[in-house]
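The structure appears below as structure tokens.
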Amino acid sequence: MSVKDALRGQRIETPSWAYANSGTRFKVFAQPGVPRTPYEKIDDAAVVHRLTGVAPTVALHIPWDRTDDYGKLAEYARDRGVALGAINSNVFQDDDYKLGSVCHPDPAVRRKAIGHLLECVDIMDQTGSRDLKLWFADGLNYPGQDDLRARQDRLAEALRETCDRLGDDQRMLLEYKLFEPAFYATDVPDWGTAYAHCLELGEKAQVVIDTGHHAPGTNIEFIVSFLLRAGKLGAFDFNSRFYADDDLMVGSADPFQLFRIMHEIVLADALDPAAGIAFMLDQCHNIEPKIPAIIRSVLNVQEATAKALLVDREALAAAQRAGDVLAANGALMDAYNTDVRPLLRELREEMGLDPDPMTAYRRSGYAERIVRERVGGEAAGWGA
Amino acid sequence: MSVKDALRGQRIETPSWAYANSGTRFKVFAQPGVPRTPYEKIDDAAVVHRLTGVAPTVALHIPWDRTDDYGKLAEYARDRGVALGAINSNVFQDDDYKLGSVCHPDPAVRRKAIGHLLECVDIMDQTGSRDLKLWFADGLNYPGQDDLRARQDRLAEALRETCDRLGDDQRMLLEYKLFEPAFYATDVPDWGTAYAHCLELGEKAQVVIDTGHHAPGTNIEFIVSFLLRAGKLGAFDFNSRFYADDDLMVGSADPFQLFRIMHEIVLADALDPAAGIAFMLDQCHNIEPKIPAIIRSVLNVQEATAKALLVDREALAAAQRAGDVLAANGALMDAYNTDVRPLLRELREEMGLDPDPMTAYRRSGYAERIVRERVGGEAAGWGA
Amino acid sequence: MSVKDALRGQRIETPSWAYANSGTRFKVFAQPGVPRTPYEKIDDAAVVHRLTGVAPTVALHIPWDRTDDYGKLAEYARDRGVALGAINSNVFQDDDYKLGSVCHPDPAVRRKAIGHLLECVDIMDQTGSRDLKLWFADGLNYPGQDDLRARQDRLAEALRETCDRLGDDQRMLLEYKLFEPAFYATDVPDWGTAYAHCLELGEKAQVVIDTGHHAPGTNIEFIVSFLLRAGKLGAFDFNSRFYADDDLMVGSADPFQLFRIMHEIVLADALDPAAGIAFMLDQCHNIEPKIPAIIRSVLNVQEATAKALLVDREALAAAQRAGDVLAANGALMDAYNTDVRPLLRELREEMGLDPDPMTAYRRSGYAERIVRERVGGEAAGWGA
Amino acid sequence: MSVKDALRGQRIETPSWAYANSGTRFKVFAQPGVPRTPYEKIDDAAVVHRLTGVAPTVALHIPWDRTDDYGKLAEYARDRGVALGAINSNVFQDDDYKLGSVCHPDPAVRRKAIGHLLECVDIMDQTGSRDLKLWFADGLNYPGQDDLRARQDRLAEALRETCDRLGDDQRMLLEYKLFEPAFYATDVPDWGTAYAHCLELGEKAQVVIDTGHHAPGTNIEFIVSFLLRAGKLGAFDFNSRFYADDDLMVGSADPFQLFRIMHEIVLADALDPAAGIAFMLDQCHNIEPKIPAIIRSVLNVQEATAKALLVDREALAAAQRAGDVLAANGALMDAYNTDVRPLLRELREEMGLDPDPMTAYRRSGYAERIVRERVGGEAAGWGA
């Protein structure tokens, strides 16, 4: 397949909550024009897809996107040229979850949390979503606060019950995170934990890599490669970070890392949607306007992908076989150092798009329009 | 001075905001009975002092503790056996501060921020506070977002104007922080930056060490020792962390580190309040009840201090001089491994206090009373 | 079982190479009196056991401890009251291994490396060792240098062949390490990778946790707990670190962490040698004298264990069930804050040992004797 | 000045020791053809300069490059088209320095160390070097091992005496490093410490930034910017790292970071040699051939510099002033995403050089020649 064909077929899912207000524990700086309903979030996502051509689905977050009629929401999306994507569960914002959800010492709280997960599968049935994304804020702030091992047992039980509820074409994606909001121990802190549970659960359970959820120094592309080899990589939550889970625009902190990740994907022929890896954004645009930030993020992923597709795989493999360290590294860097923006502009023109989505958005007047029109009501808030 | 005398003279300041609700960006779990006014915060702080005997002052945070009559508040505190301590400024929660406060590119925003700092000095005049604590959330999320150097110029200007406003017996304490809420660059990211500015500003400017504000692996006691040697250590914001600025109870994550910090203090004879180092807590009790968590924190500092006071300084110095690595380390560890709780119980009894403040608090019924009485109104919220 | 009985039955294995010279890449500071042969290393290890009573085995490292007749060496050890322990393979110091050993792109190098591993099993047959410890320095310094996934395939093959060679009572212990000597990617970087391979290999393959081999912020006791639950924890390589793989005396950098690790062991009733967890030291005494440093390390493990055994498990579990964060943390801290040195002194006296092994060693004159006697020949060197 | 003129005037100093064998504590993999004398190191450095046109000086390391007649060595260099650069002192490889050099508790050791520093200035007088580079391995492995504050006093004394010895046109460059070879505390661990001492010492003392010597997450370009503003940045030791002080080829781990650093340099008009910043490499080519690795490193710095020079400073400043986060970040990224290799090829042709130094080196036969000719004698080893 040609580089352009591969790029044309790429799919990047945007998250409904990235269009809404977000912030840090210190302050949420509200932005004018942010959506007030799931419908308005879909409007914004549709703009991103219209301009980039590669973002045709939008992930929902329950309860933030709760609505009476998910079928109607799906139809609304379809009418705007996009589709509903993964369903993200939320078991961390109810007062009952102060000490955990599916790992909570109290069985009643666990039951409530599992109930929410099952409800999310119900919603998937209505939206036609394939993927249930599970992120648990569960963990401990203090040593001794709870029994680490008992919590794993509780986690395993909840995952099993949820997995059993999934339909034949549905999957669960288990996310891991080193820390935050728990500050001593997290119940799914690393890929090893997520992998072990998914292995136990069987084929429907896959690991999600959120690029911001690792300890300093972690080699993320190694994890990508390992999970691909094991057939257990289900999805990415893309974003970028300098320190913790900063949730900045993907590719903005370390574009070379993003390229290395996409290189592993390309090496494993896993870019094609048929390979079953969901490429999703999960970001917080706290100080920059949301829609152009998301467009910029989509472009960053595209650029990293284009570079990865340009790697001369034969030259690379030959140098690797020969143990020629500098030539092998050089083969990779040659692709990384290439300016792929002209190629992507060309591709967009072939796809009938504006070659420069950022400028096109600015010119479109959409930003001004939503500020003007979205007055009153309550701006949507978030999570991360 | 005897160990007990030193411990009897120790002073630990508690922060008004630690008595109020706090949380992460994901969720603030409200607790019943938290204060609704600065007056109620002082009530709680007075309980902590009454039980521990070493927490006679409470820091205020403006605007969270804004009130019409600071003199009245100070008198209220005095009546309850405590005094008002440091004034903490806040230039990060107004919408204008989205891109910074004193480092903002817009001079009007900088002017507003400086205005707040000067207002804080006005308040100090009324409360009789010696210390103005300055923490700036200023920073950048993205490379290129602003000019790093120009921001230092702006920072220097604001600090100068504020410093010039201070009275003869007043000081400014400049805090540094590696990251959060800014995720790419922080304008005062490390002790070096704070030190350089304080040096420029002169004697009234001193550095604050918040124990949670460092990069992984940073040796905090080295910084303590260095600033003590340079005469530039003004205060501590105590808390503890495993990952980022977790704001857990001091001594709960790494009690040995806290001991090493207090060891440097004792070595420099800087424990005595006359030495001018303010020992303050700055914590968030997100999931545990606030008052007993603060009592526990005070006890943790006391225990670390007691151990530091027990170090056999002559044996230590002799081993150091002899280059006897194991004996020198052993001299330090002997003190650390000592159980100082009996000594502290004894001390409390001598001071007319209950030997076990945690149990005494539980028995006091205060927790139940505030839940019962503090109904209606709006529970105080926070910062970190 | 009583606390003392548990402590009496504890077993800590010391590593032959810790008695030999070691250093950093900058300099190896040779110490007088270090062993020149495996026999002299055993002499030193026997001294440690004689004084502590809980270090009855010594691990060997091949080729550093290569000898003509391992049966004779084992007998020599027995005569001195100790036994030979785990066999540690070394496939990182031959010039052929510049780009890796079992993961090397060249099959001839891989064959050579596997040959060494099999030779180690031969040696185990002669020494009667149960455990083969595998640490691979394999990895990459530069992105693109080799194919991450192909290297996993090669690793799996080598592990399989080695595992198949093991006798019925033998095990292989797979160690992971984040980085060093490889600086971009390590082929077994984390517990997840080691676990996945061990799971594939079956019951004879178990994971080793080296306490110095993690990314900053990693919660090691979580990994301990997880592997215990999965039945896949085979051993510890104890040491301590502030930054990277510092290989300092265990318990010297973060004694609270060591306590938390031992707490998980005690909770899982895995302290008893019958549980199959090998507790080994793996340290480098670069600047302090080796034998007393090892004694001190053994004592540090003992003290952490004693504290862990003192945890009031019922009170802890009750507080955890009740969601009482402060009480649960307090139950753990009560044990940690206890001074267990009197208990251990008492235990040693009951065991017919000197209550203070450090002083006893100093008094013994052994240090002076080896300096006097071990003249000429070549002092043993190492690895880590 | 045009971009090309700026690039033409750029100067990058290569370190003599990077041409010699190096390794980790686990193994030094010797390479055939490495230099055996300072003269042969100069031969290799001259090749790098001949091919790149921007590496006209070579730093020496004493005692590794000790020779009878430094004047002769300087002349030898001149004859080959290069000059001798900074003199690097070494007070970490003598047995006396086990517990430190200028910070050692024993005054006799300190005297010896200072003697070496003064000897280095003598050598500078002979080589005509402007810069004395000071890196101290001094530090502690264990808490309590020595008195942190007393060590600062000793350090200050040694620096003062050395500084006083410098001639009018000479400088001292003080390097800092977080850890290694000391693992608990380093006596000059961070830029703040180096800065404070340099400030005290006066104009002749400047800070060196080694890009591999920071805690995880440290924003290096902030430090660059801060020291430039303070007039205290003297030099860079370039290399790159993923974890610790990995000493990989500069630009190989995080090329975006290197670009951001050079962006600060360009912003401050500090690229020109007249600005007094020495741009030096300090790397270890443990597994890749040395000369082409150094050429590649020089090219990496050049490419980062070219991109930094291409930043549209007006557009950037305008977006910054307007608080347009995305546009400001975009202005920076536009330059970074440009492929500057064609420009650099063109520049080289204009300079009469081969447009592709890597290929030119390969074609030159130099690698084969040194392997053939440098037989016998002892290959030069190192430090880092």
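The chains carry the letters A, B, C and D, assigned in the order they are written, with residues numbered from 1 in each.
Assume a residue touches a chain if its C-beta (ideal position, glycine included) is under 8 Å from a C-beta of that chain, and two chains touch if they have at least 3 such contacts.
Remember, predicted model here, so these are calculated numbers, not experimental data.
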When B-D is set beside A-B, which has more C-beta pairs in contact? B-D
Rounded to a whole Å, what is the gap between the Cα centroids of chain B and chain D? 39
Return the distance between the CA-based centres of chain A and chain B, expressed in whole Å. 38
Where does chain C touch two or more other chains at once, residue-wise? 99, 141-143, 178-179, 184, 216-217, 219, 242-243, 252, 256, 287-288, 325, 329-330
Select the category (line, ring, star, complete, other) that matches the graph of chains linked by touching. complete
Sort out for me which residues of chain D touch chain C in the complex. 22-27, 29-30, 92-93, 95, 97-99, 137, 141-143, 178-181, 183-184, 216, 241-244, 246, 248-249, 252-253, 286-288, 383-384
Which positions of chain A touch chain D when the two form their complex? 216-217, 219, 242-243, 252, 254-256, 287-289, 292-293, 296, 303, 325-326, 329-330, 336-339, 341, 358
Could you list, by residue number, the parts of chain A that touch chain C in their complex? 99, 105-106, 141-149, 152-153, 178-179, 184-186, 189-193, 195-196, 199, 214-219, 221-223, 225-226, 228-230, 256, 260, 264, 267-268, 316-317, 320-321, 323, 325, 328-333
